Structures are given as C-alpha cells and as structure tokens.
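Chain IDs A, B, C and D follow the sequence of writing; residue 1 opens each chain.
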Amino acid sequence: MKIKKVAIVGASGYSGEVLVQLLLNHPHAELVAVTSRQNAGQTLAQIFPKFASQPKSKTLHFTDPNVEILSKQADMVFLALPHGVAAEFAVPLIAAGCVVIDLSADFRLKSADVYKEFYAHDHPAPELLKKSVYGLPEFYREEIKKSLLIASPGCYPTSILLPTLPLLKAGLIKSAGIIADSMSGVSGAGRKAEVDYLFCECNESVRPYGVPKHRHLSEIEEQLSFAAGTKVVIQFTPHLIPVNRGILTTLYLAPSEHFSDAAGAAKVAEKISACYQSAYANEPFVRLLEGKALPDTKNVVGTNVCEIAWRLDPRTGRLIVMSAEDNLVKGASGQAVQSMNILCGWPETAGLV
Amino acid sequence: MKIKKVAIVGASGYSGEVLVQLLLNHPHAELVAVTSRQNAGQTLAQIFPKFASQPKSKTLHFTDPNVEILSKQADMVFLALPHGVAAEFAVPLIAAGCVVIDLSADFRLKSADVYKEFYAHDHPAPELLKKSVYGLPEFYREEIKKSLLIASPGCYPTSILLPTLPLLKAGLIKSAGIIADSMSGVSGAGRKAEVDYLFCECNESVRPYGVPKHRHLSEIEEQLSFAAGTKVVIQFTPHLIPVNRGILTTLYLAPSEHFSDAAGAAKVAEKISACYQSAYANEPFVRLLEGKALPDTKNVVGTNVCEIAWRLDPRTGRLIVMSAEDNLVKGASGQAVQSMNILCGWPETAGLV
Amino acid sequence: MKIKKVAIVGASGYSGEVLVQLLLNHPHAELVAVTSRQNAGQTLAQIFPKFASQPKSKTLHFTDPNVEILSKQADMVFLALPHGVAAEFAVPLIAAGCVVIDLSADFRLKSADVYKEFYAHDHPAPELLKKSVYGLPEFYREEIKKSLLIASPGCYPTSILLPTLPLLKAGLIKSAGIIADSMSGVSGAGRKAEVDYLFCECNESVRPYGVPKHRHLSEIEEQLSFAAGTKVVIQFTPHLIPVNRGILTTLYLAPSEHFSDAAGAAKVAEKISACYQSAYANEPFVRLLEGKALPDTKNVVGTNVCEIAWRLDPRTGRLIVMSAEDNLVKGASGQAVQSMNILCGWPETAGLV
Amino acid sequence: MKIKKVAIVGASGYSGEVLVQLLLNHPHAELVAVTSRQNAGQTLAQIFPKFASQPKSKTLHFTDPNVEILSKQADMVFLALPHGVAAEFAVPLIAAGCVVIDLSADFRLKSADVYKEFYAHDHPAPELLKKSVYGLPEFYREEIKKSLLIASPGCYPTSILLPTLPLLKAGLIKSAGIIADSMSGVSGAGRKAEVDYLFCECNESVRPYGVPKHRHLSEIEEQLSFAAGTKVVIQFTPHLIPVNRGILTTLYLAPSEHFSDAAGAAKVAEKISACYQSAYANEPFVRLLEGKALPDTKNVVGTNVCEIAWRLDPRTGRLIVMSAEDNLVKGASGQAVQSMNILCGWPETAGLV
C-alpha cells in the first residue's frame, strides 16, 4: 500500500489537534505539513506538548498556509478552518490536483440557495457543490471512493443523521415532526478566546443556544430530505454542557405504524430492530446498544464510534432514539480520516482503533 | 409575627442540607430538631462544616427520628425522606397536630391508582391524598394557606409545570404531543453511596436515564390534566449532566393557533407573552427572560428562581420553552420554605432572598 | 446608622460581580454607580441575569468611569481594576474626598522599591503607599478604622497570611524556610478572553504556573517580615485547578521548638493551639477546624470564611497548616466589604452572612 | 515473538479497566481471563461498553477468581486488587509457576517491619519480599528481566521517585528536608461506592487528606533511602482535586550546592540538567520539558508518560521540581505493562503508544 502525503491547514484548533494525533499515528498516511498563522515557525511538540513523545513532532514545523507549497508537498489536504475560509483554500488546491477533505460547512450542501439562507452570503464556489460528496461513510461510501472533494459532516448532524437515516429510508418513521435535542461539550465551540467559553462561564452551567434556527439545520435537513424523498423540516435545539468532548442527542420520532400498547410496540420494535441491524450490524463505527444499556458520552470519547439505543413508548406511540459520539472524532476528525481510508482503498478502520 | 418551631426529618441528604441552610437563616422559623439515623448524636457543625459559623450549628444535635418527641418540639415538620418512608412519618405527625411539609413524592398525587401504577405498590395512606395540597405556590397559593399537609413538587415537575401550566390553562397550546427534555445535576440523585454517581462515573459524561417512563411523569401529567381539563400524556426524557446543581428543561409545544411565517408567529407571540406576563409578572420566583437571553442554570443555582424563555419557530409552527432552576431550591427545599411562608402568613420571600 | 453611598469601578469582572452581589444586599450601603467601559449603557440585570430579581438591577446602568461624577455620587469607591489601572483612579478620587477601597495590588506594598522589583515599573503614586492600609481586618482592624485608602489583600496572600501571621508573631515558627503550596480556582485569572482559561484548557487539567517568583510574593513577604521583625523570603507555588472558586493552601513550617516524637509534638501542639485560639477564637471569618476535619474549599465557597487546620509531624518535626477560602470573597470582595464595615463603624459581619 | 497468555484478577476497578484496555490491544499478549466476583458471568462488553467494538470483549466473560484455573490458563497474572488481598493470590500463583505482576502495595517494600508500621498488621508472605522487584523500569530494568514477582509502584510514589531518584543518586540534592505536595484525580480512590467520592462531594472541591502520614510514604522513603544510601524521611501531602485522572506533584528540594544569585543558580542548573539528561534522555516514558513549559496533567492523561520540569529559585536557594502523570497509566497499569514488556523481552513500548 503506497503511503500518501497529507497536510492539515488550520492545525491549531481542537479538530486540527485531533487530526494531527490521528495522522501522526496513521499506518498509510504521512503528515508532511501543518499550517497555522499564529504558530508558524514552531514545532508540533512546542504547541502540543502531548505529542512530544513522537519524533516527528519535534521536526515538523507549523507554516503559514500557502497553496502552492502545499500542493507540491501533499497528495491530500485536510482543511480544519472556519466556515467561509475553507473554500478559499479548497478551490485552488483542487485546481492544483490535490484531494481535499474539508471539515468546515463550506461544501456540505448541494443547494447554494440553502447555503445563502443559513450563512447569509452567496456561496463562494457554487460549481464545487456538485463535485463534493457528503462524507458520511455509512451512507456515501461509494461516492467517497470517487470524490476529490469530501465535505466531512458536522458534529451535530452526524449524531442526528446516523440514528435517523436508516429509519427514514425504510419508511419506518414519518418525515414530519422530527425533534432533535442535543447536548455538546465545549470543544464544539472551537479554541477561540471568547468570554462565553471561559472555564467559569461553562462550568456548573447548562444552557441552550442558537434556538430555533442553528446553521447545522441546513445540512441535516438536506440529508433527511434526500433520504425521505420529500422536504423535511425538523426541530433542533443544541445545549452547551460542561464536558470537554462528546455529544448526546435525543430524538423524538413518530413511527409510521400506529401502536398504543405493549403488543403493538413489540411489532414495531421488531421492524426497527431489523432496520438498524441491516444498516449497522457490520459498520465498524456504529454501535447498537442492547438490553438496558443507554448511550453515555464517556463510552465513546476518544473513539470514532457512535452509540445508538432506542425505546418505543406505548403511552405516547413515539420512538425515542438516543446517540452518543465524540464531537471531535466521529463528529469531525475521525470521520474525515475514515473517509480518507475509503478514498484511498485502505482498511476503513486504519489509524482509528 | 410569632416564631414557629420547625424540625427536619432526614436532614443529612442534599435537600435536607439546603433546608437546614434556609431554616437556620429564616427570620420567622426556629429550627429545633434535625434527624438522621446515621448522624445521630453529632452536631450540625460536625456533619456540615460549612454551617459551623452559625452558633446554633454547634448546639443542635442530630437525633434518631421519633414522632412523639418531634410532635412536642415542633409546630411544623419538613420530611426530606425517600419516597415511601415519608408517609410513615406524615400520618402520625399530622395525627399529633403538626403541619407536615413533605418533599417526597408520597402525597403529590390525587389518584392512588396512578400512584400504584408508577410506584408499584399500594399507597400507604390514601385517605391523606385528599387532604394534601400540591405545593406549587404559583398555582396553589390559596390551598396552601389552609393545608396541614403540603406535598412539595419534584424538581423535574417544577421545571416542566411552571412553563407549561399558564399556556395550557389559557388554551394557547394543545394538550397532546407535549415533549419535555431535561438535564439535571447529580445532586438530584441524592447523597447515596452508589457507583453510578461517583465522580469518575459522572464527570466527562452525559447520559439519558429512566426512558421512557420516569416516575415523575405521574405528578406532571396529573397536574397538566387538571389544567387542561382532559387527560394529558407527555413525553419526558431526563439526562444526567456533570454539574452539582441545576435543571435545564427544554419543552416542545404545539400552539393551538397555526402559523407558518414571521407575521403569524408575531401574532401568536403576543398572546403567549401576555399569558406569561399575566401569570408571572408579579411572581417573586419566576423570571421571564427578555430579548436574546436564554436560561442558564448558573444564573439560578443557589436561588429560589425559575428562569423561563421561549421562542416560536415559524419553520415548524412549534413553541420552544426553556426553563432553568436549582433542583435543590426551587425544585425542592426553597419551594418548601416558600409554601411554609404562605401557610404561616409570612412574606412569601422570607428567608429566600 | 447612616447609609453610605458606594460605587464600583470595574464591576464586570469576577471580583466586581461579587462586590455587586454583596453591596446590593448590604444593609447600610447603597450601590449608586457601577462602571464598565464595555458594558456602559446596560443595566446590571442585562449583564448579570442572576441579579435580575433585585429591583435595583433593572434601574442601575453601567457607566463609563468618570472620576468627577463618581466623586459626587459616592462616599466610597471600590476599585476592581487590573493592577496599574487602579492607581489612576485612586489618586483623584482621594483628592476629591472619597474613601477608596482598592482590590488591586497597587497600594498593598509599603516599599516602592519592592513594587518596582515585582511589577517592573515605578510605582505611579508612591506617596500614597504611606497612607494606605493593608486591608487584612484580623491584623489591621484599628488602622482600617482611620484610613481613607484601603488596599485589600490578594487572594493567595490572604490564604497564606491568616495561617502564618499569628505563629510568626508569637515566635512559634521560624521565619526561614516557609513553603506555601496553593491551588486556585480559575476565577482567580479574571474574566479575560484568553485561550489559557477556556473551559477545555482548564477542565481535566492541573498545572503549576508563575514558578518560582509570582508577584503576590511581594505583599506576602512584606507582611511576614513585619510580623517576624526580620526579612522573610518564602517559597510559593500556585497551581490552577478546575474549580470556579476556592483556594486551598498547604503550608510547610518549621516550629521554633524541636520535637521528634509524639510527646514532644503534643507539647508544641498545645502552644500552637493556644496561639490560634487567641488569634481567631473570636474572629467571625476565621474557622479553626477541630478533630479530624481538614479544610475543603466546598465548605467555604460563597462565604467570607477562611478555614484553617494544622498537623504536627513527629517524623519530620514539621508543622503543616492548611487553609481554604473563596478567592472571590475572603480573598477579594468579601474582605473588602469587611474592611468597609470596620471603617464605617458598622457590625463587621454586616452584609456578609 | 511468542504470544503470552495473560490474566487480570480484579478487572472491574479503574486500574483493572485500563489494564483490560492495554492488554486487549497488546501485540504480544493475549488476554485469556478476567476475574471479578461481582461481575462473574458477564462479558467485558457488558461491563465496559467502551470496549464493545473489540470482538474479544463479547466473548471474554468475567469469572470468579480461582487460582487453579488461572494458573492453567495464563502464563502471567496481573493483580489489580486491594492491598492485603493481592498476597492471597500471589503466593499460590507463583507456586503454580505463574509470573505475577502485582499492582497493589503488598510486595513493594523490602522491609516487613516497615510494612507492619504502615499497614498495621504483619506481612502475609514476608519471604516473598526478597524475591519481588520494585517495578519502576527506569531504575530496576535489569532486575525486572529476571523476576517472577513484580511489585508495580504506586501512583504517588511514581510521580515523586522519577523526579527525585536521579538527583539523589548523583548527590545533587540533600536527602533531608524533601517535601512532596501532590494533587490527584478521583480515580485514585478506586471505583468504590463511598459518599466521599460522589460527584457532588468532589466537584467544586479541593481538599488535603491523609496528613501527615499517608501509607505511600513507606515505599517512597524506602526507595529514596536506597538511592541516598541513608535513611530518608520526607514530608508528603496528597490532595484530592476534581479531575478523573492525573497526578501533579510539586517537590521542594535542597540542592547540595549552595547558591544565592542567578550566576550561582546557573552553575547548579547545568549539573541538574546534565543529570536529568543522563537519566532520561533515552527513556521513552519520561519527558523532560524545555523552555518555559511546565507540566500539565492534560498533556499526559491517557499516556504512559511522566512529564518533568524544574526551576531553581535564587531567592531561596531551593530547587522546585514538578511532575505530571496519569495515575492509572504510568502510575499503575501502563507501568505494569511496561514491566511485562521488559520481562518478556518485547519492545518496552509495545502496546503503550
């Protein structure tokens, strides 16, 4: 298997840091460049002491991002940049022949109109939206293999789409009335010097935000609509909780089949169980919980796994599905590496277990 | 104003501790007895060093609970006991002429059948269910004034009922399809030596539990049904998050009046705003947030205040209401003291600000 | 008792916020002005929702700091400003006849030379150093009564001086070789938008900093030297731990009297105990722990109390003294209010219990 | 390289859990048995959902510990048991020909008298104390290669000995007057259902404990005495802080060579630097920090690395050395695996990076 040379643009944020960790340890990829304007000139070991035990961390220096140089150094480039900035790099890098795996929201949507509605400005490179693939491997594996521009999904979207897409595709739930209630660790806000994310502002606190129209809705709803074959609009409420990493999402769904007692629920349960088994029994990074187990972020933090459990409520006729993931791994950098593995024909779990 | 003598049965748990704090500082109540089997013989100061600066903490000793003695010492008795145990004390204490303010779930329901459904055994004193009053002052103030047995509401129920009851009573929301998603601090589990609540099991973790039929549903639904004039069944999912104190509840409600754009939403908003203003503008312990503010537990922890904010979503036609409270104060001991103040004819905020 | 009008300059930081809380509730002081450049024009309730239940929070607006206006509005002015900035306000305010209670380090030292050594620039108003009093009430009560400029001690210094000064004054410990090892909550770093104090940088982390020459050493050593009657140089290591509030200090001291067994220790213990009793038995805000109890920040957070416990070690001949305080209350704003109470002839505990 | 079969006795505690994680992923060891009385009959996946993605976690069941069976199944047995219980297993397992790697304190001391002084009962198998080796690889590598009973060091001892032993051996510091001040995460207390370690008792709290004679002193002092060639008695104060994992130790040491200014310090610094370089430059699991960097537990948690930094203080003539480690990895299970690697002739870092 040929080693590929990879670079990370924007390697000093939280997602960038996890990417560094994963790529330093990847068996088939060689990390050849890391960029960061503020850290240019310093080694990985100086900025991230935790990586100092790895020899390469002492020789690899952060550089100012430069497309021309990057395109010569690397076969593939990961963009861990703020929304809007990523496109500025993606366009010329692709033109220069690099594969781009973008962790921002810039290429996740197919519709430039929806982009404008949610991001309040015209899309900077609408022609690329047709070429990009939504990097959710469990649903776009074949497309990922052939793409040169992978738009890695957002953290909240991953935690909502993985539990929902199989049911929607199988027609087991109604596409109307979906509610997603999520709790995220503070790393989701990025390594930004803002008062709102200071320790004392987040510790001993829990708060909703972005109610009722968070930007991530755009990609969630687009993907749900593709799966349902009809326009889907959902309710989504994110909350900030005092943990470093982890997203817990609780979904309120309406089964297509009505039930109002334990017997009715059992019949529906059989179908849901079969649907999830069919979708995920062989997926290395989706874990269907059994018995009384419910998701807990502490069981997935540091891994690329998304845990899923569900309960039918005969009192309300509703289906409750709960998921847990590490927002920086399955919700960001791990999933991006998973896509890289697929794209390169490597084992999908390479560097991820 | 005559000073009343009060006792706390079960004063060594988290609710009991907050009751001690509030009653040691109350201008019209005198704490004369605190019971705790495991701490009998020790002073308040020995068990709770934080109260050691108050002279009474060095002279007041925990005792074994004894109804006969308590009924002679105290005019009013607070029961901060596990569900099921409280009734054993309430019955003889009331017989002995004491006013009882019970923080357990034993007397919160009017229906002994519902009690049996949710608590899996017959109610130990069903005749008292008719005499007890549900101690939610904002809705039962007049009844509290005349009652000898106050069943102080649960923490989750308070965080759900305060935002919901006014809307339901005014017919502004549908009684069907209500969803309540709650996050609670770990003190809600009590001061119990169980592995599940160890620091390392809760820190860096968020997890749902009790899905889909938590016991608190019984009192929530009974109160909602009274308000709606029809049987109400709701969806409720509690989550455990790593904070000591605080509950954040996000409610998904269906306005009675349909709307699908900003203009329609504005008309509905006017009515909701008027309803909340009418219900709470003069309530000392409900804070309606204005402008862009959303609830945050850190703004209510340590106080008897419940914060409420709401948003209409023209995309879904739904009403999102969010509340924050301290589960040990407005959700337990503070609310119990508020009821005591009402019952005794004292200023409702006495000892609570 | 005549109500005094008080103002806070720099009321939007963590110390400022606690000052607001204490002064809004003070029985003899009326908060008439709060300044904050960034929040000018907004009410207290808008910036600090937690105070919104107090009527004044809705009418009192933050203003830009203006000495002329402040000196007309207020009898006393609290300065909760960064080091160096406080002096710019203190000088004209005192000239205008205001009493100044400064929470910064600007006037804590008597020696302008030491100031220059530790703060790397000339003292801006050295003549005021003679007029200021070090606002540690337990040791400067009489001086505080007569002063117009109170330099309220730092958080670390308070946690070190309260356990040490009585022993040093009584000659029970040697002045050489003192070691103070402290752990502080993150609010000690102030409400500053810096990456180092983000939630994810502090949570699940403990780290020393400022080793070996932290600025607080200057005032600690000056006060210890006054007490010892000789120049004292100590070792001090601060650590940052993931709590919002609280400082725990462990002191390693050498008793003047040698001992090497339990019997010897018992004799020394008697003298130490008598010394502490004499110093603090009647102090409302110093709590000498008894029996097996050791300090715990959770027992003092939110109070103006400093807990102290000590142990003699017959194996090493050393005395270990441990203290716990809330860095924002006894370590800052509470102590400042305590000084105000003394200065104004009010009960020393007014507004602090 | 021949695969060795390994078992873990007491695999349900925090150290046991990390051992499971390390051994499930070890390239040369095969985990064949895990025991736990309370979990007997359940699979690894059921008890530790986080391991559920590994196939073996679904087939390996916890069993009741049985020496006869274990000695047939495994070549090597790790004991992650409480002090005192480990010896009951070690004796028969060694007799049956197994290599034993014990994580308890049972075989760490050479002196049965010291054991009795600190553990308050006679040593259960004093003859084995002669055969056991103290499993600190950086100092006992050769002995580990030949031993059948490895007593893996305690978490606090590791954090104190690694920074101290090289200096003491080189005569660069005095053996008298050593002070070690440590802060530990709560996992150090084990997965025990005790009120003291509940989330709400540890969160927002920092407290010293075991002052002044913690049991770990016995092994620390024995090792320091061996290194110094004279009896060493130290001062040690552990503190509990609200993190899951991590120990930060700050050491106060007296350099043998006097200095009192920057020039003098520079000369001493050169020797200390050379000593540490000589001891650790080639050690894979000791990281000497450079420049302004100071240890931070968040940089070592999840790794087998111990970070060390030091500062000379010309004001006091003292040397301050600070270390950070993960108490469950380098302080327990990682170090035990490191010893196993050495003993088996495998690369020392196998399964640890």
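Following the convention adopted for this analysis, a contact is a pair of C-beta atoms (placed from the backbone, for glycine too) under 8 Å apart; a residue touches a chain by one contact, two chains touch by 3 or more.
Because the structure is a prediction, the values reported are computed rather than measured.
The chain pair with the larger count of C-beta pairs in contact, out of A-D and B-D, is B-D. Farthest from chain B, judged by the mean position of CA atoms in each chain, is D.
Per-chain Cα centroids separate chain A from chain B by 39 Å. Separating the CA-averaged centres of chain A and chain D is a span of 37 Å. Centre-to-centre separation of chain B and chain D, using mean CA positions: 46 Å. In chain C, the residues touching two or more other chains are 201, 203-204, 242-244, 296, 298. In the complex of the two chains, the chain C residues touching chain D come out as 179, 181, 183, 201, 203-209, 211-213, 233-235, 237, 239, 241-246, 248, 250, 252, 294-298, 301, 311-313, 315-316, 318, 320, 322, 324.
Interface residues of chain B, counted against chain C in their complex, comprise 46, 49-50, 52-53, 204, 284-285, 287, 289, 291, 293, 296, 298-300, 302-303, 305, 307, 353.
The touching residues of chain D, when paired with chain B in their complex, are 14, 185-187, 191-195, 197-204, 242-244.
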